[in-house]
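Shared chain: chain A. Partners: chain B in the first complex, chain C in the second.
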Partner chain A sequence: MSQTIQKNTPMLSVRNLVKHFPIRAGIFKRIVAWVKAVDGVDFDIYEGETLGLVGESGCGKTTIGMTLLGLYPPTDGSVYFNGEDITPYLLPGWKVRSYLKRTYIEKFKQLNHDEMEELPDELKHYAEVYFNDHKGDAGRFIRSFMENRKEKQKALRRKMQIVFQDPYSSLNPRMRIGNIIGEAVDVHRLASSKEERQKMVADILQKVGLYPEYAMRYPHEFSGGQRQRIGIARALILNPKLVVADEAVSALDVSIRSQILNLMEDLQKEFQLTYLFISHDLSVIKHISDRVAVMYLGKIVEIAPKKKLFERPLHPYTVSLMSAIPIPDPEHKKKRVILKGDVPSPINPPSGCRFHPRCPIAREICSREEPPLQEVEEGQKVACFFAGEMS
Partner chain B sequence: MDKEYKRMLKKFFKNPSGVFGLVLLIFFTIVAIFAPIIAPPQPSNQYEPYMMPIVTWSPDPQPPSKEHPFGVSERRDIFYGVVWGTRTAFRIGLIVTGVSTLIGLFIGSISAYYGGWIDEILMRITDIFLSIPFLIAAIVLTTLLGTGLDKVMIAMIVFGWMGTARLIRGNILQAKEEQYVLAAKAIGVSTPGIIIRHLLPNTIFPVLIQASMRMGSLVITAAILSFLGLGAPQGYSDWGAILNYARNWMLGAHGEALKYWYTIVFPGTAMVLFVLAWNLIGDTLRDIFDPRLRI
Partner chain C sequence: MSVLSEKTPILQVKDLRTYFYTEDGVVKAVDGVSFEVYEGETLGIVGESGCGKSVTSLSILRLLDEKGRIESGEIIYKGKNLLELSESEMRKIRGNEIAMIFQEPMTALNPVYTIGDQIMEAIILHQGLSKDEARKLAIDMLRKVGIPEPEKRVDEYPHELSGGMRQRAMIAMALSCNPSILIADEPTTALDVTIQAQILELMQQLQKEYGMSIIMITHDLGVIAEMSDRVLVMYAGKVVEHASVRELFKNPKHPYTWGLMNSIPRLDIEYERLYAIPGTVPDALHFPEGCRFHTRCEFATDKCRSEEPPLVEVSPGHLSACWHIDRLESAVAVQRKGESA
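Let's look at the complex of A and B:
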């Protein structure tokens, strides 16, 4: 279904997203190093699709999800939601000014009015706002982002929600289910009365396959699968457009896993949801995704429609991942690509292509230059100089 | 009532020392509430019922008698002082513990939640307060403010919040990594909302236990200050003050070491039992809330 929609403008665009975590040491808490959890990531999510984000643990998948929701402020880069730059609302207030200066104002100041047409789309929109709405006044431009910041952040939270990995730690053990789910209703003042709030909670509980009576119970009275349903209900009561599912089924039993996956698919149809589905489990990703992005050490190495990626992966890392999927057929002799060594530390990633120390087809250029994420086939972007050589 | 709380109450009442502590506490509460009936103030000091009446002009202590069941010390009726001193003990304990716990909760939770520089500054301030010996600090402060029970209480509050702040900080540092906190942030719950609704309910029990333990020890501290002459004014019903009167009689008379035993035993027993009650309750609460002991 995503094929037809994909031509439209993306719902969520991520451009050069960077998230570095400082490592502090000593009495003065000096920053001694940076963990480059996410180091320059670009991708788009289109309305109604499910983008699977796959990679081994520690590659930065979860960090991307958290950053998109504003739970971690991004170090660099921009995030656009329906074409609007939402980065100022993800950053802490005191960083907004420098972000806007760096991203927009400095570029616009050197710009002649007739050069506007040549700007990339994202910049063009704000160039118009800057020159037409604010008459080139940087202060007014910045203020327009700072005004009603809290309300705008809240509005954004209604559009983007997250389902967490661990069904045991993601529900406050001292709150009743009704309050866990209903808290969002209170914060966003979605209900005008107690009865309405109760009804909203009951409705959403039914939608995720639980009884409305459960609202009076505490989290410890539920199983892992039920708790994950509650987590989904909490995200959906705000009626979001985009849901980030951060390893939403990884902690569950295999039998429960398919139930929750099916529930998520049903809900996607019912609420017209768009998913960013983060998982390390290829079979889950294969089941639910329309397109898949493969991450390695803070970078996206390949992004493609699911079918293409699973049939003919082009990046050597993806090839080795695919070869690790077990095939339940004893007669089938498959060529396994076993990588040598371990994932390098994200504190000090390898030069050039981050995969080159482990890559079976690495050559001299790979350690020198970083391969850009380029469209190799239609809809299939790969960050490798020798894409397709191993497939 | 709630299942969880029912279970906790049940556990509390299964614990004999907890029940004993509770009984003691109820006894003290009754004494405090009915003090005007148990030891009615004389018409002469009706407007200052906390002042122990002067019952004799002889400076020597008088042993317990029908009129003065706990005896007389420094011309004042010990029984009256012990009964009305219960009120003083509760007042010191509740106010000092309450206010210092609130201050500690505020500083500790802000410090832990925001982290970074705020944490660093607040914790160093805490360290400074911790590094000052409490008694000396209290003496200096009461010298500055003047003596009196309220001044003693201020000194105890000013130098009594650090333990709570550290305790809650540690607990919140642990709890704030839980995913339900992230989920609340993702929903858009405000920072005070996250601290009050999510973090404190999951971290406050150790603080409550600590507070109940401290309630008792604070009364001892107040008594120490009174004993040093910093606390209550002359004649005020306060266990520590009554002990202070006994200073001259502690060693007894020539050849009779225990002659004036009643000047110490009655107020001392009251104090020991009061502290014991709070400690037993605190211990029992810890047993109940400690998840490692939960079956």
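Let's look at the complex of A and C:
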């Protein structure tokens, strides 16, 4: 999106987000290993923009979406929504205390007053709350998060919604469309009467290009594209700020896919939505995004404004990914980088840079040290020691 | 290679009609499809789900389930009509002369047999080799398709291999009897793009080596552009356009092909807004009268609604089934002018 928006505080900030899943085995179901699905990810999403998140299967892109919505509790890291730390509402209650201690209280206790200015923005706000509002009382600080936790959680869920990939399994086959969409209205008590609820459902159905009469029908009566419209209507009826679209068009045929992409762009303008658009398909990502983050094995390897990323990708993985996509033009001749081997398992990711076993330009340092995600050009961050060498 | 090549085709499908008798009615999945495959070439069949592209390939191998019936048509392979062969004669063709690889290698492979057993089964059956010889050949095949440590992998089960490796194993199995035609039904759709690039490269390289013909079935126009020599575009059980790959992409002569090409976001071109073909694919139980695409076509007239357009040659080697190619051509010209401006 435009530069002016970029300078504002981000709508959503993700800091060092980690999500590990345990693997259990044996009769006692002991934890034998961890799947490191997301392993320390930082990014921001600004209001009104579309951030595309692209990567191959198993890279952790869906896990990020699910974690942001509180569908999986994060293992570590923080999520800020308009500057407010929402991690306590994503975690189960019994973990909130240790989270707050780890993230804030222990840091603040060792803090001199003049160091406060140097804290990152997110922490600074809470340092002020901690020292000024709560007079450095850890118990009061923690209680302020625990009070009305359920209500705050619910309010947050209204602001963040998701559209799933598979329009066949994400709609309950025994519910009428009107109830699938209207359920959220009931949960959040947004309608004072049955008629008002009906009207809300009818309005949103029209907005996504369906007839209001469809409210009485069941999911099996609809095609894939229509079902995806229903999924979008269900997400939008709460008037959310942020919509996570998790492979929202991947299951659709080409001719239907472009209809849904256009619809999502129209709705974004009309409702001032912010999208986190997750997809494995770089050409779809290129079409819809303002900025793009490329993931590989639980890490962001490159994040940049769309134009920059597609004109000059700097990470060798981004370069190979782009060159791997078949271009629908037989006259188009290009040099192709074909990667060797498969994506390694996230249970036991390679040492150093996770891409080094498949990287065409890997050197000795790559297997030893992990490259940090650094700004190489304005707005373009890359995690590679030799960024730009392949572009 | 031109459509009307002087060479005799290795496979000829003539007016194939495959219908499915379901409880709700007759589904005319393939309704009068004709094409030919020449030696060493790749024929791409492209279309959306339900257009009949997979059923066409299953009909060639006579692998339909009990609801499906081949109503009429001929499938001539090396002078023999496959539809007139007995089941045991057909078994000698299947896997031996015409082999097939499928979209989902996990469901196409048998989970309780090792990779080696499954490759050897076909070799022993069709080539009459001993078990030891067959095993040697299986290991050779696995090496050819780029599976590391084939001596070890030959004794592994499908679940021990990754998606890309499984597809390689499927290709090894299909090519082990040196078929003259390989049917690949969405062979890379379930794979990641970097793995897809590996598999497509492998298929091209093996085609050069073995000289087989490939029938490449896919919904992805990018894969078609990269792999095919000639292309068949299918819609609602019919062939709507048939041309060499360069000609098809340069001068699309059917509104559906043109719409499809405009609907895909591309890496090399920037679009403000995507073109979308309006409406949805018609229900296979009730295909529209006349041209089956008329409900979604912006050039449709009354003629399209009542009369079915025949597949005719509109320029040398280029077949299309449309009444209003002139209208389409002027629309394409306007679009191209806008792009170059």
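Worth pointing out:
Here is the rule we go by: the second predicted complex is superposed on the first by the 388 of 391 C-alpha atoms of A that agree within 3 Å, B and C clash if a C-alpha of one lies under 4 Å from a C-alpha of the other, contacts with A are read in each partner's own complex, and residues count from 1 in each chain.
Please note the rule applied: contacts are C-beta pairs under 8 Å (C-beta built on N, C-alpha and C of every residue); 3 or more make two chains touch, one makes a residue touch a chain.
The shown structure was predicted, so the numbers you read here are calculated from the model rather than taken from an experiment.
Overlay on chain A: chain B and chain C fit together in the combined arrangement. Of the two partner chains placed by the overlay, only chain C lies in contact with A:Glu331; chain B stays clear of it. Contact with chain B, but none with chain C, is seen for A:Glu183 once the two complexes are overlaid on the shared chain. Legend: residue contacts after superposition of the two complexes on their common chain; A:Pro92 is shown touching neither chain B nor chain C. Using CA centres, the angle subtended at chain A by chain B and chain C is 80 degrees, rounded to a multiple of 10. Once the two complexes are overlaid on the shared chain, A:Leu282 sits against chain C while remaining clear of chain B.
With both complexes placed on chain A, chain A has more residues touched by C than by the other of chain B and chain C.
Within the superposed three-chain model, A:Gly26 lies out of touch with both chain B and chain C [touch as defined at top].
Contact with chain B, but none with chain C, is seen for A:Arg234 once the two complexes are overlaid on the shared chain.
Look at A:Arg174: by the touch rule set out above, it reaches chain B but stays clear of chain C.
Note on the superposed arrangement: chain B and chain C approach each other to a least C-alpha distance of 7 Å. Those residues of chain A that touch chain B in the complex are listed here as 29, 66, 69-71, 153-154, 157-158, 161-162, 164-166, 169-175, 180, 183-184, 187-188, 218, 231, 234-235, 238.
Every residue of chain C that touches chain A in the complex is listed here, in rising order: 48-49, 162, 164-165, 192-198, 200-201, 219-226, 245-246, 249-250, 259-261, 263-268, 271, 273-278, 280-281, 296.
Note for the complex: chain B touches chain A at residues 3-4, 120, 178-180, 182-190, 193, 197-198, 201-202. Touching chain C in their complex are the following residues of chain A: 56-57, 223, 225-226, 253-259, 261-262, 265, 280, 282-284, 286-288, 310, 320-332, 336, 338-339, 342-343.
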